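Each of the two complexes below includes chain A, the first together with chain B, the second together with chain C.
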Partner chain A sequence: MSVQSASSTPPSPAPHGAAARGPAASDDRPPRTARAVGADRRRRRPGRSQAARGWAYAAPTAAFVLVLFVLPVLLVGQMSASDWPLLAGNRGVNFPDNFRDAVENRFFWDSVVFTVKYTVIATVLLIALGLGFALLVQESSRWKSFLRTSILVPSALGLASASLLFYALYSPQVGPISPLLERLGIVDEPISFLGSPDGALWSTVFLIVWRFAGFYMLLLMVGLQGIPHEVYEAARMDGASRWQTFGRVTLPLLRPSLALCTILCVTGSLLAFDQFYILTKGGPDNSTITVVQLIYNVAFQGQNDLGVAAALSIIVLAALVVINIAQVRGMRAPEEK
Partner chain B sequence: MKNHRGTSWRRSVATTTLAGLVALGLAACGGSGSGGDDAATGGTGSGGVEGVDDGSTLTLWTRAPLEKQAKLLVDAYNESHENQVELTIVPNDDYVAKVGAAAGSGGLPDLFAADIVYVPNWVEQGLFQDVTDRIDQLDFADEINQGHLEAGTYEDAEYVLPFVLDVSVLFYNKELYEQAGLDPEAPPTSLEEFAEQAKAVDALGGGVDGTFFGGNCGGCLVFTWFPSVWAADEDVLSADGTESLLASETAQEVYAVYKDLVDSDAVGAGTRDETGATWVAPFQEGKVGVMPYPATLLSTADQTVDVGVAPIPGPGGGGSTFVGGDGIGISKDSDKADQAWSFLSWMLSEEAQVEVLAKNGDVVSRADLVDNEYSSADPRVVTINEVASTGRTPVARNFQQAFNAPNSPWLTLVRNAVFGDASSIEPDNEEITAVLSQ
Partner chain C sequence: MAVTAPAPVPSTSPARPGAAAPRARIAGVLTRTPYWVLTGGLAIVFLFPLVWAGVASFSPQPGSAQVDGWGFGNYVTLARYQAGIGQYLLNSVVVSGLTVLFTLVVSLLGGFAFARFRFPGRDVLFLVTLAILMVPYATLLIPLYVLLNTLHLQNSLLGLALVLTMFQLPFATFMMRISFESVPRELDEAAMVDGCSSFGALRRVLVPAVKPGLITVGLFAFLAAWNDFVAPLILITDSTKAPLPLAVANMRQQVMGIVDYGATQAGVVVLAVPCVVLFLLLQRHYVRGFMSGALKG
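Entry: the complex of A and B
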């Protein structure tokens, strides 16, 4: 089960990178003039050895993908079609009962709605703040490295550790935030951060923004630095205002980076688990159950039914594939369309 | 999940096949022991009452909350035996997942403990070996804690013995009682008195609260509130564990008392969101007047607080307790059953029960050892032992899903009844029954 973190997104993009090396490898062919005959012979059957070399380059990645991604997915697929209690193991085919049970689970639609809501909030906030920070760091020269470091430092903390830290900070018993606000006179009585559905959602969103804003800032910063200086110079010479430059130059040229960030953020948020598992356990009153948490609960916390959990996983996987295809299509630069 | 009608025959065939296979496996094991006749029920094995002590290495899994007791027992066993037990402690929340994965792949350790409320399900799934005949050999068989034995009994065969008993009792802070003008030697004898005393302590102010409970923790609420219902001689579940009786008048009185405490703000901050990770902390910090508490933590709480102990009262009086803790058995995957039995039979011996458990202030699992040299030294331990022998252990196959799970219907019931307007107790209770009867 993947969680909100860049490192754990599915390894599927990797093979493209590796496969792309295939044609590039032909660069080391000897110059044609030197051995024209040999080159001609090779050109007559260009496919075979090149293709073989291409396959050889791609093979390690393909093997990894096969063993670590395709096979587990197939196993989950088999589970989803079987009666498979956690403690008793496979008890034979049970298709399509698991899928019906999964959709009829009393928390299924609640969890879908909550996950989508959380994803929208987290993505909007993270991309907006990430972009804001990236621009800020780009602009100010004096505090540049200090700002950059302080925004990025939370990213060095594991998500689970960060969640535990905030669990303590939010705790009504030992947390310092509520008493501090009281002393400052901002609130009158102790705040229960995780006690109400909205409080729990926004407290978790705050944690996620704190933890990930630096990461998205970094990604967008790289994108910003990739924009050629000349373009800005030209814009300035044309008399473009600050906002015009941002809207007409920066944003369009940042498109690939923004697309990458959005896909990472949407996928990560849809698979959110750690933060809710540690902070809220789906509470209060089952108001913060994410889809992955539902899968975990069905598999290990009570129902102990791996079949239904696998069916839920397959549904989530299918939804993710559709969403990511839609995102990649939507983000494609206009000329590519 | 009420829709398995179509596949139920298939399932029953599978169950029968599985049961057959298990019996076959057991028969194979029993072959090394006293022969064919009793092989189907696991047999008595070789080595007699005490099992085999031949220097084998045994593996044992348990969950983190009982780490202290498990370590003491294992160290004492390893010191006095040729066999060596390797103990693995697993975090509480991961335990079911770990056991489940191991059970599926045939990789269970020789011995493993289980939260007693999960034991009925795990026994039914065939994770433990039958030890009926081995238990019958013990001359103190009738003295072993009945609640735990019953939880581990399936179709008249016994699979599980009590590993560590954890009972819930009322803990109160004597110092705060004195400050509040209460008699520190007069703990509440009814739930109403409990509420009065909690409010009296709460009136002290200054970061001190009357009482505390895990308001978002199904397992904590089961452990601390069921005894109040039992104290009034009512039950919480039907005998077969498929029907919930938690909308009874007594149960509603219990919810009402706690609702009153919540409404009058006599409960600690964070009660409502407490998921169970820190529900025992405020009392140990000396910030809570009186609350139902795990008895295993007496020695820990004693380090920071002057603790008084009393049975958990019910509405109108009485007293009872939840006999929780862990049961332990020999796993289906163990091929060293005779050696594993050596640990189990030693664990129930007077030597282990008194010199290890009682010496450290823990509850003994045998009724005939309740009065021992260590318990009489501390009247609070006597109280705990007395109440343990009258307490109950609820038995239900789907207990985890109905009560302990983070999104359990029991949690919904309690939260509506105590933090809400208490209008949906009946339908919420039916939801529990629906899960229990699946």
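Entry: the complex of A and C
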């Protein structure tokens, strides 16, 4: 194609001798012929100049990835094996000790247990509600698209903004929920949403559902639309009931989307920080400290020990890699195994 | 895919057969009532907190700057807080603007490189870029805190914007790559034949063709940068350089444990309005971001 269009364009005045010299110097040649030859050449073998240009365009990406991602990952590895106070900087190797200190931290196991508990609750609720909402609003009508937008709007807010909003919403001073329930006679005295460990957990879960349900609804709607119409037609002709259709047709075909959602949700919940930092600050009685919050506390609040924080980060990273590999393995469709 | 297939955007979705139709037939108003109650309730649950924050920020509340009558008292408090809301707003605008700019430029060039050129290390670079998604925020921010100090970018909005750009790259690069791949090669080859350099072809022909992808990438970069809380919390220690979310969160714990909820609500409104407006305007592009992710994810 490129050759044909080259010959069909107005006659090219460029020196053909230059173009014929070969691929290497193509960049400083007059563009017209050079590109025609270049485009033609691309078909046969990737030339050196093409590689050079490719790298030139990819260079900013490479620079960002190298300096702000690869280097920090290596650095966190080094830090986890070093004695590294926040202000003093690197003070030499401290290899197994950082990891021992990390695991022996007073809140380590509490935070792991709490984070896992929170992750299970959040994932089950978000996926179930996301799927429910997706089924509820997928048809198009004016009311449903209004509903869809309503559910989606919170996901435009930042997690921090949403947490601040709910911090006021749950407050005993100005929060509207408790007075409303009291007036309706559902409760007798003001509810303390963030005052008890369970209350704090469920209040945060509600915030997360509010903020993220639209996100998962959208992902699952995309999955639902990928299921061909004919499959449902066939199920109906075979006389399947609605529940049978849902259980035997929709769910299995939605598997890749569900797997993606689960992985995203588990990863996101295991790394929860903003919502607890803003809503509960880990309280009451240190009952809502998540793993990432523990890392933050060790690094920047009080202990100021970046070495131990880095060791904790490495543990989290390793756990996450293992969990995600297990999830990908576990959720791969049977026929792909 | 992003450009050529505008098809299955949810708003035009075909109805799932068997769900609504038969029910409507049996129905009548009575059987539909639970449905209206349920869906109406849902809409209220999701919209109520936003509406409440907006209304409450103007309403009289004890313990805030707006004690009697309606008015802008809380916004005045917010405006006078420490460096003033103008400064924090400016910080946020600078960080978001730089992040969007960097993300667009880097992902445009990167997406072009990944989609149109074959070069050694291409697949490795692409995979490493995607791997940013796999590494927890906190795992990266602690070494980044040290690294930015050695680069003398500590406490700087530029450093923060660079870090936020890096976190955007997996999605942005992926999105721009598939945007470029959905543009037929003949288009840029024709441009090159007509005398464009590869950069000229990119600028004159391809940028217009991948514009929807750029809007999606820019929207996501803006929302992420405007709303980010953790990165400034760790990387910015000078409180006059704090972006808005951090400033509002700090403001909360001002006076000895007494929280000014009114000013907090006003802060939330200032934070939320640009996001909600942008979201409503660009909903289509927001949805496309998800579609591209789900397609290959």
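As a convention for this text, the second predicted complex is superposed on the first by the 265 of 337 C-alpha atoms of A that agree within 3 Å, B and C clash if a C-alpha of one lies under 4 Å from a C-alpha of the other, contacts with A are read in each partner's own complex, and residues count from 1 in each chain.
In this section, a contact is a pair of C-beta atoms (placed from the backbone, for glycine too) under 8 Å apart; a residue touches a chain by one contact, two chains touch by 3 or more.
Quick caveat: nothing in here was measured; it's all calculated off a predicted structure.
A.B. asks: After superposition on the shared chain, which partner residues are touched by A:Pro96: those of chain B (first), chain C (second), both, or neither?
C.D. replies: Once the two structures are laid over each other on A, A:Pro96 reaches no partner at all.
A.B. asks: Output check: A:Leu317 vs chain B and chain C. Expected answer is one of first, second, both, neither. What do you get?
C.D. replies: second
A.B. asks: Chain B or chain C: which reaches more residues on chain A?
C.D. replies: C
A.B. asks: Please indicate which partner A:Leu136 is in contact with in the superposed arrangement: first for chain B, second for chain C, both, or neither.
C.D. replies: So A:Leu136 only meets chain C here.
A.B. asks: Considering only the touch criterion stated at the top, classify A:Pro252 as touching first (chain B), second (chain C), both, or neither.
C.D. replies: Neither: A:Pro252 stays clear of chain B and chain C.
A.B. asks: Counting only touches as set out at the top, which of chain B and chain C does A:Gln173 meet: first, second, both, neither?
C.D. replies: both
A.B. asks: Output check: A:Gly302 vs chain B and chain C. Expected answer is one of first, second, both, neither. What do you get?
C.D. replies: After superposition on chain A, A:Gly302 lies in contact with chain B alone.
A.B. asks: Do any residues of chain A touch both chain B and chain C, and if so, which are they?
C.D. replies: Residues common to the chain A contacts of chain C and of chain B are 89, 167, 171, 173-174, 299-300, listed in rising order.
A.B. asks: Under the definition above, what is the set of chain A residues touching chain B in their complex?
C.D. replies: 83, 85-89, 91-92, 94, 97, 100-101, 104, 107, 167, 171-174, 190, 192, 194-195, 280-286, 289, 297, 299-304
A.B. asks: Give every residue of chain C touching chain A within the complex, in rising order.
C.D. replies: 8, 10-20, 39, 42-43, 45-47, 49-50, 52-53, 56, 61-64, 105-107, 109-110, 112-114, 116-122, 125, 128-129, 131-132, 134-140, 142-147, 162-163, 165-166, 169, 173, 186, 189-190, 192-198, 200, 223, 226-230, 233-234, 245-246, 248-249, 252, 259, 261-262, 264-265, 267-268, 271-272, 275-276, 278-280, 283, 286-287, 290-291, 293-295, 297
A.B. asks: What residues of chain B sit close enough to touch chain A in their complex?
C.D. replies: It comes out as residues 1, 3-4, 6-7, 10-11, 14, 18, 96-97, 99-100, 103-104, 121-122, 125-127, 216, 268-270, 272-273, 275, 277-278, 281-282, 285, 287, 398, 400-402, 404-408, 411-412, 415.
A.B. asks: Which stretch or stretches of chain A touch chain C in the complex?
C.D. replies: Per the stated touch rule, the residues are 1-2, 5-6, 9, 31-32, 35-36, 38-39, 46, 50-62, 64-65, 67-73, 75-76, 79, 84, 89, 133, 135-136, 138-140, 143, 145-154, 156-161, 164-169, 171, 173-174, 176, 210, 213-215, 218-219, 221-226, 229, 232-233, 235-236, 242, 245, 257, 260, 271, 273-274, 277-278, 292, 295-296, 299-300, 306, 309-310, 313-314, 316-317, 320-321, 324.
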